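As written, the chain order gives the labels A, B, C and D, with residue 1 at the start of each chain.
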């Protein structure tokens, strides 16, 4: 498994698509976006679910955490059943989020990758993509990497997604 | 778990969103569309992946089947970890597809639901939605239910998604 | 030109795609959705722009009206330049909205079509589609047809989009 | 009016959204993508319409050109009616495409902007975005700027969309 962690608009999705393109074997891609899409719409603004604040703040509640834990177990089971999997996630809980993944994945080999991006650059890309609440990048950038351990770190500020993907692919050997 | 099976444009996705709305507990929704989205784009036209023919024919290859099996195991594991899950699928293999799910889900309680739609009506809705290859509905309708056993059957030809969802929810008790 | 007017989730877009399919000549389709997409994102919540309330209420401001008037002039000019055009709109201003179009279109032949849908049915379809604020259908249904004059009225409550499109196409002769 | 011309995946859309954000007045954005969306789906593969080849080649037919001419007239009329408009286009006909716009816009003041991007970089971004036929960027890059005259040229290879937008906005004065 490959797990990418980075703030909103740091460029994770682009790297994932490039990884799926450059890696010779087929890899499945999941992430916090596909998980949120799987939730009932009524949880997209409820206290137990996930609330996207007007300033880009994202807060998640207990129901969200419970379902996310089951989802994480399921992803681990897919990997144990033989699927190669790339996850892109935003560790809102930083080291605690990594610990949650580690516990679920236990014995599975994982390549942990940090996706960095200069916050001002990410804020500009947030405007350019037009489908995110302005402020998410700035809110998340300072917190998601705190205390997280990585095998590899990439930075999309001056490096294209495809080049980052090639660096990651090379690391897999 | 709830598993909906029906041809393309028979109305499964609408029923899923209504189920997520009317059921009091939070249910996660996955399906063949979210699985295909997780695949590398290069498998969307390769022999081992999934090929969407110009006439609406869909054929899947060995790599697709291998990853799908792992994905199915993962979904089962999510359910075992406590998540309520709704699956919408197109049983291109009919009874064999159901058997594959049954094997993976083993001990888990499942509500099997057929989603029917008059093929001519589904073909019209295919034009109305505008994002599917014309012909998929007509190709799939005659084959996906052959030999499949259900707890409940709904028909969207003359019944709205929300009413179908309420029927299914009532059956859950 | 063909102008469809109906509340949110009454089924206008599906009818438009079916019309484009069944009409032998090529028709361009524009509407309030494509106009809103053309606006700066910052107008999607500003007082002068368009505000989508949490209860499905939609209010538009002066900047919106000014740009919309220019857009309407442009659509009229496309028609005068020879393009066949289908518009789907929500007449939030009811008869005043029709008057605005009439003034801009002046000499151009227009087929005015009402798209009705039982409000409870539309509210269910709003849940089924999952991409609209719940309540828009219920808010708009009582007001958009007041005092508007039509050549033809269709009702999607019990009639499929394709059948409605065929009725409209037959009326064009 | 501002008209941006550049090959597929050169970064035009991102610049447009940033321009709409940084410019104090509200500007409407249209372009070849919104025009293609307005066409009947059946023209997306017909000889008279627009054909997207498997190798990224795009060819357009006579019906496309006729409707496009009317659309161009309509955009000009919107501008004459007072709307500020940003167009992003791909001049497949290079200087002939510019000439077509100039004729329609006649008296209107236009800022012509080239959007350049190193073709290899654009090809990588095409993979990263995942929604374009691979090869479009490479096919279009060598031809779209031939003989076209500009007021301003920006290059997204090493410059972010927001910075390019600020350069363009500064030029407007």
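By our rule, contacts are C-beta pairs under 8 Å (C-beta built on N, C-alpha and C of every residue); 3 or more make two chains touch, one makes a residue touch a chain.
Remember, predicted model here, so these are calculated numbers, not experimental data.
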item	value
Reference chain D; chain at largest CA-centroid distance	B
Duplicate of the B-C contact set - from A-D, A-B or C-D, the pair where over half of the pairs recur	A-D
Intercentroid distance (Cα basis), chain D paired with chain A, Å	32
Averaged-CA centre spacing for the pair chain D and chain C, given as whole angstrom	27
Two or more partner chains touched - positions in chain C	17, 21, 41, 130
Of all residues in chain C, those that touch chain D in their complex	17, 20-21, 23, 26-30, 34, 37-43, 48-49, 63, 66-67, 69-71, 73-83
List of chain C residues in touch with chain B within their complex	13-15, 17-18, 21, 121, 124-125, 127-130, 158, 160-163
